[in-house]
Each structure stands twice: as C-alpha cells, then as structure tokens.
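Below is one structure; the comments refer to it alone.
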Amino acid sequence: MQIHDFKSVVANYKVIFFDAYGVLKNYNGLIPGVEKTFQYLRETNKEFYILTNDASRKPRQLADSYHNLGISDIVQDNIISSGMLAMDYLKQKVKSGKVVFLGTDDSAYYIETLGLEAVPISELDINDLTGIQALAFLDDEGFDWKTDLNKTINLLRRKNIPVIVANTDATYPVSKKEIAIAMGGLSEMIEAIVGKQFVGFGKPDSQMFIFAYEHIKTANIEKKDILMVGDTLHTDILGGNKFGLDTVLVLTGNTQSEDAEVRIRSSGIIPTYICEAATIE
Amino acid sequence: MQIHDFKSVVANYKVIFFDAYGVLKNYNGLIPGVEKTFQYLRETNKEFYILTNDASRKPRQLADSYHNLGISDIVQDNIISSGMLAMDYLKQKVKSGKVVFLGTDDSAYYIETLGLEAVPISELDINDLTGIQALAFLDDEGFDWKTDLNKTINLLRRKNIPVIVANTDATYPVSKKEIAIAMGGLSEMIEAIVGKQFVGFGKPDSQMFIFAYEHIKTANIEKKDILMVGDTLHTDILGGNKFGLDTVLVLTGNTQSEDAEVRIRSSGIIPTYICEAATIE
Amino acid sequence: MQIHDFKSVVANYKVIFFDAYGVLKNYNGLIPGVEKTFQYLRETNKEFYILTNDASRKPRQLADSYHNLGISDIVQDNIISSGMLAMDYLKQKVKSGKVVFLGTDDSAYYIETLGLEAVPISELDINDLTGIQALAFLDDEGFDWKTDLNKTINLLRRKNIPVIVANTDATYPVSKKEIAIAMGGLSEMIEAIVGKQFVGFGKPDSQMFIFAYEHIKTANIEKKDILMVGDTLHTDILGGNKFGLDTVLVLTGNTQSEDAEVRIRSSGIIPTYICEAATIE
Amino acid sequence: MQIHDFKSVVANYKVIFFDAYGVLKNYNGLIPGVEKTFQYLRETNKEFYILTNDASRKPRQLADSYHNLGISDIVQDNIISSGMLAMDYLKQKVKSGKVVFLGTDDSAYYIETLGLEAVPISELDINDLTGIQALAFLDDEGFDWKTDLNKTINLLRRKNIPVIVANTDATYPVSKKEIAIAMGGLSEMIEAIVGKQFVGFGKPDSQMFIFAYEHIKTANIEKKDILMVGDTLHTDILGGNKFGLDTVLVLTGNTQSEDAEVRIRSSGIIPTYICEAATIE
C-alpha cells in the first residue's frame, strides 16, 4: 500500500471536495494540521467545498462550527450539505402545503425556508391529512422514536406522498468508540416495512457531487481538475469514483491505517491515492 | 380462484396447525364461528397446535387469552410460540450467566425460567460487560427505543455474543387499520448496522414447525397428515409449504378475498387450499 | 387517476427527456403517432434527448434505428446512452492499458474509442493479468455465460480492479410477452458472489440525468424547465423525480392502464402527470 | 482464539454431523488423517451423518465417492444431501405430472424416483405447459445457461408453479484457488427477476438438520448429544447453532487459521469450539 504526500497530490488539482467528519474534524475537534491545508488552498487560489451528509443544522451553523474551531477560511458558501439537496428537491416538487418532518425544530429550517408549512410528526393529526404534501426524515433527534416511527408508518399507509431522506448515513460517531443510529438507518427500516421507495440524499449518490460541481466558480473546470478527499470508502470514495473524480482516502477517520488495504481489496472500492491525513506540514 | 369448504378440508387430516392472529382472533376478539371449529376437533379427536410468532407473553398467558374469549379447548400445551423456541435455543447454548434483553419484564420470563440472569438493556452498564453471554430481542415494549437501541449497537460492537430474535415479524396489527413495528423490524435494522448474523425464531422458518411436529402425541403422524392454516402467505403458507405440509389460506386476516389471487400469483407462494375462514357452520 | 393530454403538458416545458423502449418504440416498431410529437418539438423549438439504458450499440447505431423507422428528427446528438456514461467514466479513471469486457465486438466500441485495449473475456488468459486495468459488463450477447461468468468471478478474486456495468437494467423485452436477462441481472449476481462494489450506469441513477442536463444547448435552462417522459416507474419516473424534474408516466410500455394506479400507490413512486402515450394528435 | 483437540471434543457427544467439502475432503482428495476419525467413531459406537449441500449426484454416488477414497465406514445411510430434502418435499407437494428441471440427467434421479416425469428445461415447449407441476434447480451442469435461464424466466411468468432449489450454495470450489457459480447463485438471480419466492434446501436452513435428526437410530438422543462439524461459518456453524447444536469450526476449508478470529467477530457466528481439523492422531 503506497502512501502519498497530501500536498503533492493536492497540487495537481484546481478544486478540492472534502468530507467533514474524520477528515477535517473528529470527536476531539479539528484534526491537527488541517488549518494549514486551508491556508495553502487560499494561497494557491484553489477552490474547495465541504460535502457533508447532514441535515440537522442550517448551512450557517455548519460553517460556524469551523469558525469556532479556528478556521476562518470556511464560510457558508463552502458548505454543501445533504439537507441543502433535500431542500432543492422539495423546492422543485412541492410548491405549497404542509410537509411532515421527523427531526428537531432547527432541522425544519430546510422546509420553512421554502415557504412550506413544517409539521412535526408529533403534532400531526393522523385523522386529518388534508394538505400534507410530503414527509421528510431530517434528524434523529426531536421526536419520540417508538410513538412517532409507528405514526410515520401509519401515515404512509393512509396517504401516498413523496418521502425525502435528507441524510442517508445509517450511523454517526458520537465519541471515539461509540456510534448512534442516524436517519438513514431509521428510514431504511420504515422503507422496508411500508414497501415504498423513498428519495434519499447524501454521498455516495451522484446528486451531491453534481450539486457541488454546479457551485464551482472557477472557470472551465472539468472533472479531471477536481479531487475528492474522504475517510469512508462506501460514501466518499465510491461517490467520488462514480462521479468520475480522482479520490484520496485519508486514514484519520473510519478507515484506519492497519485495515485500509484489506477493506479496499474486499470492497473493490479503490481510491486513486491514500494519504495519512488531509494535512500539510 | 377455487374456494374450499373448511370442514371438508380439515376432515382429511389428523393434526391441524393454526396461526393465531387473523385466523382465530383479530382486533375485535374471536373470529365468529371459530369456537365450533374447536368443538369439531374435540369430537373428531384431531390434535391441534397454535403456532404464533409471539415472545411478549408467557405460554400460559397466551392460552388464557383464549379462555377469556370463551374457548376452553385451547390449553397451554396447544401453544407453540416463537418465545418458546428462543428459550429452547438459549437452554442449549447458554448454560449460565447474564442475558441482556429488550422487552417487558413479562417477556424476561423466557430467560429467567432457565435459571439465567435477565438484564434489561436499560440497566446494563456498558462499561462492565462481565458475564454477559447473549442478547435477546423479546418485545417492542419495555424500553426506550432511541436510548436503548443505540446502547444495543454499542454493546454488540464491544462484545461478540450470540443475539436471539424471539419473534421475526416486522410488524403487528393494533387495530383494523393501524400496525406497529415489531421486534423483527427493529432487529433487522440493528443486524444491518452492526453487520452480524442474529438467530431469529418464528414462521416461516422450519424450526417452529419442527418444534410443533415433535410435540405431536398422536402415534404415527407423518407430514401428509398435518394441515397448516394461516392468513399470511409469507409466514404461515410459505413456512408450511417449506416444511412439506399441506396448507390452507384463510381470508379473515392479512390476505383479503379481493387480492388473494393477485398476491398468490405475484409472490409464487401457493397454498394447497383457500377457505373463507377457519370456521365450521 | 387523472389522465392528462400529452401536448398540453409538453407545452409548459422547454426541454424534454424521453425514455426509448415503451415510450417511442416497442417490439412492433414505432409507437403510432410518435412521429408527430417530434414534428411538434421541431416546430416549437423544444430541445429533446433520449435517455436509454443501452450499451450494446454505438450512439450512431441507436440514432440510425430511428431513421430506419422513419423519424429523421432524431440524430446522434439527441442520444444519451448508459454506454456513453460508462465510456465517460472509463475516460476519467483508466488512462491506459487493457479493459476486459463481456459483450459483443460492437459493444467494445466504447472501450476502443478511448484508445484502450479491449479484451473479450473469452480471450483473457487468467494466468497473465498484466496490464488489466478494469472489467466492463457491456452486453449479454457475445460470450458463453457459463464459462465466462465463472471466469469473471475468478478474475475478480485474483485482481482488484474497478468493475463497470454499462446498463443496470435487470431484463429487457424481446417480444410482447417474453423478456430476457440483461447485464444488470448478471452483474448483480456476480457482485453478490464476489462481495465487491461495481459502478453501474443507467436510470434511475442521477448520473444519466446530469449527463443529459450538461448537454443541453438552449440557454438558461433550469430543472423546472425540463420534463422526463417514461413508461417505467422504477427507472424513468424515480430517476426523474430524484433529479428534481417533473415527470410523465405514459401507458404504452411497462405500466399498463389497468394497473398504473395500484403500482404508483404500492411503490410510492409518483409521477407529476399520467398520459396515455407520448403522442400528439 | 483457543484451539481444541478434536478427539477430546468428539468424546463428549454421541452423534456427529459432518459437512463434507473442506472437512472430510477437498480438491486433493481426503483430508489426511480423516480415515482415523471414522475408525474412532466405529470403535466408540458413535453414530454419524454427512450433511451436504449437493443435488448433482444420487446418494449412492455420494457414498461411493468416499469408498473410492478409501473410507468404507461411510455408506449410503450416512449421507444426508439437500437433494434428498428436495425429493422429500416434492413427494409431499407434487403427486403426479411433470417437473421441469435445470441440471444433468443424473440429477433428474431425484424427480424420477418419485414416479414423476422429469422434463429437461431444454426440451420444454414453452407454448404447451400442460401438466407442468413444478420447476427444480438441481445442478449448474446439463443445460445452456443463456438459452435456458431466459426460458426459465418466461416459464415462470406464464405459469405459477412451485420452484424448488435443491442446493442453496451460491458457489462451489473447483480447485485450490478457483470457484464456480452454483445453483444457489443462479436461482437467486432468477428469484429476484421474477419476484417470486422459491423454496430452497440446504444448510444453514433447519430443514437439513431436522432431516438428519429424524434419521438417528441411537435411542434417546437429544440435541445436546449432537455435534456439528463444519468449515463454513454461514452454512455449517450458523445452521448448527440455529438448530441448537454444539458446533466445531475446523480450519481445513473455507475458514483459514489466519482469519478465523476476524471472521467470527465480524459475522457474529460463534462456534462452540475451534479445531485444526476433523482428524484424530
């Protein structure tokens, strides 16, 4: 397994896409050294985006979380979240009316911004579904799982509406050793039970990459000019590969140095490069 | 679609296996006319068993539920529940120590009967897993889904123990139109997330039919002497067919008269007979 | 179920995406009346693309097939095939060397155009894999299924290379009543057996819609200006919906008038409109 | 990972169930030392059965294969094959008529023994399905995969008949490094394409264990008196565990010494014991 120097790799590309968790930050805060990466990108005029499977917080909150950690180069415009994709989809497909959601009040931002009425699943009257246009899985917090997941099933049995999953990750890390079930895990269970097809957003699906691609401001950028940097084979690397980008696997998150080779071989998901971290000395 | 007379069909068999919900009872109580079926079985000396995917209640409680509805022919010995199968399995595989469970205190009966220590998931100290020998999914009641399903995942990531699912049904009916997520639905989500193989009990798996078959007291019974009666193609009829039994689909539960033919054709699960109900005039 | 007039629907959009089989043509040739649709599109200056899951023939051959049926409005530039997507991907990810393929000599066109060496699976020496950079599933014709699918498995066990599936459809129609297994069916079996992740191309994946979207020549087109027309819920309509387009289900192919409503309800895949056919009187 | 001495383990049980390939023999012939195991079983009066996922050969042929390798202790009565289970099922469910099969003429033995007419898929007239009662997947040899798998799909679309898979293994080994696609792999592809539920036979399903269990001649044998010996976690060990037997994983086949621990941990399938081989010095 050949390890490449991150700076030498990045030097060959004009636009860099980063995953967030496990690449730029972890349960401890920033990955040490990452701040110099953004300094280098600024000095070399390379454009960058952070592609994150997250619909629990507004884009501004996501950007602020980096400011609070001391990186002022990352602003709201650099953030592409799966929540933004879901909002974009809702905008095309639901022109008015009510959208029922599972999530916190913060996550309802994505619905309300569009001028739609956001109805928390807990407040839904199952016997009056007038005006309900869609259902959105936004965040695993903010509702009672037993009561409200059962309510969700019966809502979907009564009314045939589009269902949006604003983050398809099955789990998320909560500490060095602990994980928690995310919206993707819950929504997949519900999808199997009701036998319907939900519309999900997040890596590895191409939607997120095209969304970022369309936001690029540098002129004449082709796919070969873009590098995707991630720590997870099944989302970041598979998604980048499928979209036709070169990819870097970093070893600071989900894929540890000692099992990177085995996982690449057994999954068949092959990054263009492997680097220790997304850091520049 | 040919509809057979239930009595004429039953007359050709010596032992009858019944599913419970949708065949003998529903949300309203007994299916009208079922009491005469048991009178007929008694008069003709036919042995019968009720094969039910249920681990939430003790066998005696399950039998009592029929007494309370007015059928005294059904006693504890006639009940084969998936909880009993799970208990039988635990007896073979776990000789001593603690079994963590998700479920009500009632459901813990299956563990305690074996002289094992039943630890509710909510009381588990995730930092002290000494003596934990297995995990059992028993009932969807009795724990906090969000807190305790997340705890379950982290338990299974820390310690490699056998996991038993005492009822593989994904949902159960709660009223004429409403259903709720059952243990099989939750455990399948957890199984996918942790990537481990759980051991599940319940129709359509052959285990339950074997267990019932071994309990038969009438001498010299072969599979061709047994009839399985159920309302659900994917559990009762598929399971009966796989075990080599003749099967009756009744139209008083999950499979309604108007879509029986379509469902049989589209699933490829073909009952030997179709009857309106498991009732005898 | 409300049936819309196709012309009235199309009038509201600037760009039309069509599926091919079941929408424009079937086993009998052209769907009667479709030629007037293209006349109308020409007269009203609406741009259109045909999005087809097909990698068995070159784009020119695909366009010629319409000329031969009498529609001269469809030229090579109007065709977006999954084979073209696969070629685009190979171009980004494989710079030189050999690509092993399953398919006819015609289908190898997609590899050879890139200056790569196309090796038919039947001619591969399994004991000398030097220079093999990728494997491509192109067409179900042109190789011996038993010999060469077994060879494919052992190739993938020996060498870790990217695998491309140039058409993810599981089956294709061969006559009014008969279907045949397509590359997507075979590749899914192989993917499960070797436990690796293949990269597939075709609807409903967003890649194909992105690819078509990027080819649009009319200025200032947004997603709301585009209409997707298809006969299959799980590919055309789901894919169009996911990409954020309005969608028309036509009843001239996979989804028949008598079961459209049941299929929409049971799948949860909801088209914006339903029309009898993609035809204009 | 604790390695147990095979003889010391076997000493505690009265009946031994063995998997065949990877336990008793491999591509080279007998696993060296296995003949002494059968001598020991004879001397200590322990009953044994060989449970094998195989429907390609008659039970006598399977027994003869051991005689030819020099073990005369194994006779036809010791063999339990998935083909025998399939035959037992057909006997219960199909009383007369024709059974279409995919396989060699040898494999048709299982159908013909029952007095049913075995029709090779290649000889089936798809336009005259009169009298066709069932379809059986018996062996991956004996038919043309492309022609006859496509014919199989169209048969199942035209007529709703039970489908039997007489060996659910997805692959089988053909040499030290090569594998081939088995009936389980092909039938799973067809099952997904036609959307029907097939009835499969073979480990890890409980059917095979109950079938062996019922053949035991020693009196008063309980599950705790039986040991299952296998080399594959997902079939032998999972199946044995599910049936409630103690299990031995041997390291002479699919599970190699160096990755046994990782595979057990990652799969959650935990054998009671691990032994180097099913051999006795």
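Letters are used for the chains, namely A, B, C and D, taken in the order the chains are written, and counting of residues starts over at 1 for each.
We take it that a contact is a pair of C-beta atoms (placed from the backbone, for glycine too) under 8 Å apart; a residue touches a chain by one contact, two chains touch by 3 or more.
All of these numbers come straight from a predicted model, not from anything done at the bench.
Engineer: Quickly list, by label, the chains bordering both chain B and chain D.
Structural biologist: Expected: no chain.
Engineer: Please flag the chain sitting at the greatest distance from chain A, going by CA centroids.
Structural biologist: Between chain A and the rest, the longest centre separation is with D.
Engineer: Mind checking the centre-to-centre distance between chain B and chain C? Centres are C-alpha means, answer in whole Å.
Structural biologist: Centres of chain B and chain C (C-alpha means) sit 45 Å apart.
Engineer: Centroid from C-alpha atoms only, then distance chain C to chain D, rounded to Å. What do you get?
Structural biologist: So the centre of chain C lies 40 Å away from the centre of chain D.
Engineer: Calculate how many whole Å lie between the centre of chain A and the centre of chain C, each centre taken as the average of the chain's C-alpha atoms.
Structural biologist: Chain centroid spacing, chain A to chain C, equals 28 Å.
Engineer: Where does chain C touch two or more other chains at once, residue-wise?
Structural biologist: Residue numbers touching two or more other chains: none in chain C.
Engineer: Could you run through all the chain pairs that touch each other?
Structural biologist: A-B, A-C, B-D, C-D
Engineer: For chain C, which residues count as touching chain A in their complex?
Structural biologist: By the definition above, chain C touches chain A via 88-89, 92-93, 156, 160-163, 194-199, 205-207, 210, 223-224, 234, 238, 241-246, 264-270.
Engineer: Please output the residues of chain D touching chain C within their complex, sorted ascending.
Structural biologist: Within the complex, chain D contacts chain C at residues 140, 144-146, 149-150, 153-154, 157-158, 170-171, 177-181, 185-186, 188-189, 192-193.
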